[in-house]
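Next, two complexes with subunit A in common: one pairs it with subunit B, the other with subunit C.
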Partner chain A sequence: MVHAPVLIVVTLLLAAFIVPLLYRKLPVAQVVFLLGIVISSIFSIRMAFLVLREGTLTYYLGGWLPPYGIEVVADAFGAYASLVLALISLPISYFVVFAPKEVNTPARYMALILLLMAAMQGMVLAGDLFNLFVFIEICSLSAIAIIAVKGTRDSIEASFRYLVLSALGSGGILFAIALIFMITGHLNMGYVRESLAVTASLYPLNILTALAFIFVGFSVKAAIFPLHVWLPEAHSNAPTASSALLSGLVVKAYLVAFIRIMYMVIGTELFVALPLRPILLILAACAMLVGSTFAIVQNNIKRMLAYSTVAQMGYIVLGLGLFSQRALEGSILHILNHAITKSLLFLAAGVIIKQTGTNRLSDLKGMGRKMPFTFAAFTVGSLSMVGIPGFAGFVSKLYLALGALDIGQIIFAALILVSSLLNATYYFPIVVNAFFGQTEATHQGSDPRKSVMAPLAVFALAVVFMGLFPSVVMPLVRQAAGLLQP
Partner chain B sequence: MAIIEKLSTNLYYLVAIILFIIGFHTMLTHNNLIKKIMGMNIMDTSLFLFFVSIGYRRGGIAPIIKEGIVEYVNPVPSALILTGIVISLSFTAFALGLVILLYKHYGTLDADKIIAMRSREIG
Partner chain C sequence: MDRFLNPMALAVFLPLLLAVAIYILEQRSWRIRNGLAVASAGISFILLATYLGDVRSGAVIVLELPNVLPPLGLSFRLDYLSMLGGLVVTGVWFLVSVYATEYMIKEHAKKRFYPFLVLTLAGAVGVMLSADLFTFFLFFELMSLSAYVLVVHEESPEAMRAGYKYLIMTIIGGLALFFSIIAVYEMSGSVAFVPGGYLTQGGLLANLAFIGFLVGFGIKAGIVPFHVWLPEAHPVAPSPASALLSGVMLKTGVIGLIRVTHQVFTIDLVRNSNWNTVMLVFASVTIVLGSAVAITEDDIKRRLAYSSIGQMGYILLGIGLLQERAMVGAIFHIFAHAVMKSALFLTAGAVIYRKGKRSVKDWGGIGREMFPTMVVFTIAALSMIGIPPLIGFVSKWELSLGALDNRGYAFVGLLLLSSLMNFVYYFPIIQNAFFGNRKHGEKALNIEAAPAMLVPMIVLACFIVFTALVPGNFALDLARKAAAQLFLYK
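Right after this comes the complex of A and B.
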């Protein structure tokens, strides 16, 4: 039995328990923190290779076989999501350690990040509904905590609002799990699915109610339009590294869990038979347009990025709604591409705010000449968000558009184009004004030291690399999309 | 009559759903932050009741096999809800902590007043 799937989570959890104990010796705590993230990432990468070569890995905790024991399932999709989480978390945790401190209790902050990573890794690998729920709750709590840890009034208010809505979402998910358990008597996803093949037609009301609750619950957590209301406040008031983690990874981890429930528990046949796809398509279209429109009118750089996340989540949901092979590939690839790009943008925005002391977009005119490297990184992120060829965002948008055309949905291909234009209208003015604004810069500021710039450079290179060589991850993406297809 | 009979056999489920709606409603419509947290707790409790009553059998005992007893309660939901209660507890504790901080900053527990204070500062 390969132990990698469970070791990913265990390493992170172990580090999460050790780090807060070392609060008096901060350098040691930082080493443990980085070690935890690096070791679990190594396991995650190793697991991705194993899954690619040998297919789905399953792990039985304590050697107890299902349906009694707890199962961890690393299929192509789970392994891919775990790989994305691991790769994105590496530069962000480097930033947490080396960037200027934004929180008063760095050891606790690092512990919360480790806990969050453990919960997300557990969530994308869980093979059991109740375990999934427990990881969702840990993830919610630690995600809220890494916002509140900043300690400002706004961040606490935002995190309270997030907590209330998140609790509603959790309630919905638990209710749905209860309804599914009621008619199947199992919690293991594989067994539930087998049982549902028979019982779903006997108790259609149960399964419909459960689906509705799952859908609403995960919509709140993954900020799918129109239940995204908590996101802009929460993501823009968090510390820089938290914003990058929340926007880049957390909302996606929930979406991955949702997709896994859809094909591992509900089953793709049922998913296609029910009118879920039109709903997803409409919500995605609204998210793409409304998110971008709200982003245009923002003057706070982080709020703008947060609204852009709402729009970009729309792309991922759109691929799920279209449900053709290439659209799903685009959707799954966009999970990675958006995670890289948005982490880059949030880190760059955090550095800009830290160095200039302002978060207003109107104050950034001419600042590009003062801090060229930071704004260069921001520009790379913007180009990728808009979908310029040669950058990561282009590839996934292309796949989505081709996927829409494959099933004759020209209107959604056009929608992707329109939404990209909208993206351009709020990303490009920042870049153009920063570098070519005629007015003299009104604020002081310079590029930060090299160790702070390193994660930005890594993400910027990754954006270009994914734009030029998407074929590196495509085998895994293709397998993952194949799993979702009936 | 058929409806009443159905309701009486599924009384636990009915009560759970009513509690769920009460909690949900309290959480979304009340301005007082403490009442929101109470709503959250009522909602969670209703889910625990729902889950546990799935496994309950009238007259059943804990599943320790004894002679002469045929009816056992399904232990799985009860075991799960033990975890659920812990999660709900930590959510409540965390939420209350945030409320204390909010009260320190704003001097009120009314969500509307907090929003009004914020918008006055921005505007």
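Right after this comes the complex of A and C.
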């Protein structure tokens, strides 16, 4: 039996418990923190290779077989999501350790990040609904905590709003799980699905209610329009590394869990039969347009990036709604591409705010000449978000647009174009004003030291690499998309 | 690995590498920087020229890199059309780079200018040599976006405004192309340029794809009404950049249209869907409006920019006539206009550089003070008007014959009218320069442009005069063969 799937989570949890004990010896805590992330990432990468070669891995905790034992299922989709989480968390963790401190309790902060990572990895690998819910709860609480840990008035207010809405979402999901348990008598996803095939027609109302609650619950957590209202405040008031984690990974982990419930529990046949796809399409379209429109009018760099995340989540949901093979591939690929790009942008924004002391976009005119490297990294991220060929974002848009045309939805292909144009209208002026024009820079600032810039460089190179050679992850993406097809 | 070590791959990727090299090395010495900038275009030119014999005798050289950006992949091809386009791009670029080494001495931010100059070259060469729509699009965006840095080089508020317009129009054009390309892929499962074309089926998606191509390429080529960025952006750029924008980069738009109408869509589909009529209407409006507005412009570079719009109308006309003879004219005009318009922008740049005079009213007596420069200007302007035996005449001749073959008498009239308007806006400049007087109280200053600026202009002038005179006109030969190949499959 391959232990990798469970070791990913266990390593992170273990590190999460050790790190706070070492709060007096910060350097040791940092080493443990990095080791935890690195080791679990190695397991994650190994698991991805295994899944690619041998297909779905299942792991029975303690050797207890389902339906009573706990099952961990690493199928192509789960392995892919786990890989994304692992790869993105590496540079961000490095940034947490080496960037100037933004929080007063670094050991606590690192422990929370480890807990968050463990919860997310658990969420995308869990094979039964109860553990899924547990990990969702841990994830929600630690996500809220890494916002509040900054300790400013704004961040606590934002995290409180997030807490309330998130708790409502959790309640919804729990209720839905209870409804499903009521009908089927199982919590293991595979058994639930088998049982649903028989019982779904007997209790249609229960299933519909459960679906509605799952949908709304995850909508809140994954910030799917119009339940995204907590996101801009939460993501923009968090410490830099938290913003990158929240926007890059957390919202997507919830979406991944949602997708897994859809095909592993509800079954794609039912998903396609119900009018869920039109709803997803409409919500995605609104998210793309409204998110971008709000982003245009922002003057706070991190709020702008947060609204951009709302719009970009729309892309992923769009692919889900279109549901053709290529659209799903685009959607799944965008989970990775947006994670890289948005992490890059949030880290760059954090560095800019730290070095210049301002978060207003209007104050950044001419700053590109003083901080060429940071703004170059920001430019790479912007080009990817707009979807310029040769950068990561373009590839996912290509697949999404092709997927839209595959099922004759020209209007949604056009929507992607309009959204790209909107993205350009808020990303490019920042870049242009930073590097060009005669206005003198009003703020002091310079590129930070090399160790702080390293994660930015890694993300920027990754954006270009994924833009030119997406073929490195495509086999896994294709398999994952294949799982979702009925 | 040897796929990357043949001259063609080098011609495409060397400028890309050199752009990076220049960025790194320019910290050390400006001599190395200038040398590399000139060399990048020169080497590409020589590498492409080594294939000239093969291509003229009918060989097609192909380079495929399917692993980059699947599912579409990259591919390059040298046929008659890409040979001509590639030589025009690299040749003109080389001459302009030489000129720039002198012209840019007075300018700021040279460290930014040269890497992006070479990066733009990389894009333009890639566009010309690409063998499928997707590769074309990739390099097209690279070229367009790096050219933004050249457009806003002055960083004056005026330049920033023009640059913003350019950027937004470029993005809109890029998105239109993106849509059309995926539509083509959706309809046919391929995006390659195949002689004779492969899309035979009309319909909504095909129509939308054509509109996308027309908008995307039209924006780049400055076709009315998509031209609005052009008269702003070309004049504010430094003169070498203006020469490249007007002389070289506009051509990528029309090359794209030629490829699309003949090697993606079949010619029958273009005709049956009446897209050629659409192109002819746009061409006519562009020719008349471009030339007419040029007359009213006082700023020399704005006048030249509007003149470019009119001239691009000629090429679109040649494409829209769907007729082999007219296509010869259109393709030859890609070469001819590149040479003429870059010569004009370079001479205008030399005058601005030496005298700081942008308004043509102030050009009185300049012909006596900067005699060789103004002789080059005169030759290029006469060629624009269409005086035989200069190259501008050759393209108009072929275009007119093509129009007559289709009984398009109106189009011949249009060409004549346009020639007349060209005369109206170029001739007073020449007359004033040689026979006019300086402004009252202004002293004569006999300062000719420096050799590094003068020599490229004179070389361009030689091309204008001698291309049509010497036997074995390689440009016309390539244009004829390219057109013949395009119409082989009708």
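The rule is short, and it goes like this: the second predicted complex is superposed on the first by the 486 of 486 C-alpha atoms of A that agree within 3 Å, B and C clash if a C-alpha of one lies under 4 Å from a C-alpha of the other, contacts with A are read in each partner's own complex, and residues count from 1 in each chain.
Quick note on the criterion: a contact is a pair of C-beta atoms (placed from the backbone, for glycine too) under 8 Å apart; a residue touches a chain by one contact, two chains touch by 3 or more.
Everything quoted here is computed from the prediction, not taken from an experiment.
A.B. asks: Could you tell me if A:Leu21 is touching subunit B, subunit C, both of them or neither one (first, second, both, neither)?
C.D. replies: In the superposed model, A:Leu21 contacts neither subunit B nor subunit C.
A.B. asks: Which partner chains sit in contact with A:Met474 here, subunit B, subunit C, both or neither? Use first/second/both/neither.
C.D. replies: second
A.B. asks: Identify the partner contact of A:Val395: answer first if only subunit B is touched, second if only subunit C is, both if each is, neither if none is.
C.D. replies: After superposing on A, A:Val395 lies in contact with subunit C but is clear of subunit B.
A.B. asks: Just subunit B (first), just subunit C (second), both, or neither: which does A:Leu35 touch?
C.D. replies: Neither partner.
A.B. asks: Quick one: is A:Leu208 in contact with subunit B, with subunit C, with both, or with neither? Answer first, second, both or neither.
C.D. replies: So A:Leu208 meets neither subunit B nor subunit C here.
A.B. asks: Quick check on the superposed pair: does A:Ser159 touch subunit B, subunit C, both, or neither? Answer first, second, both or neither.
C.D. replies: First partner only.
A.B. asks: So in the superposed three-chain picture, is A:Ile279 touching just subunit B, just subunit C, both, or none of them (first/second/both/neither)?
C.D. replies: Touch partners of A:Ile279: none, neither subunit B nor subunit C.
A.B. asks: Could you please specify the touching residues of subunit C with respect to subunit A in the complex?
C.D. replies: 67-70, 137-138, 141-142, 145, 149, 152, 155-157, 160, 163-164, 167-168, 171-172, 174-176, 178-179, 182-183, 185-186, 204-205, 208
A.B. asks: Considering only the defined contacts, which subunit B positions touch subunit A in the complex?
C.D. replies: 20, 23-24, 27-28, 33, 36, 40, 43-44, 47, 50-51, 54, 76-77, 80, 83-84, 87, 90-91, 94-95, 98-99, 101-102, 105-106, 114, 118
A.B. asks: If you look only at subunit A, which of its residues touch subunit B in the complex?
C.D. replies: Residue positions touching the partner: 130, 134, 137, 141, 144-145, 148, 151, 153-154, 156-157, 159-160, 163-164, 167-168, 170-171, 174-175, 178, 181-182, 187.
A.B. asks: Of all residues in subunit A, which touch subunit C in the complex?
C.D. replies: Its residues touching subunit C are 383, 386-390, 395, 398, 401-402, 405-406, 410, 413-414, 417, 420-421, 424-425, 428-429, 432, 436-438, 467-471, 474.
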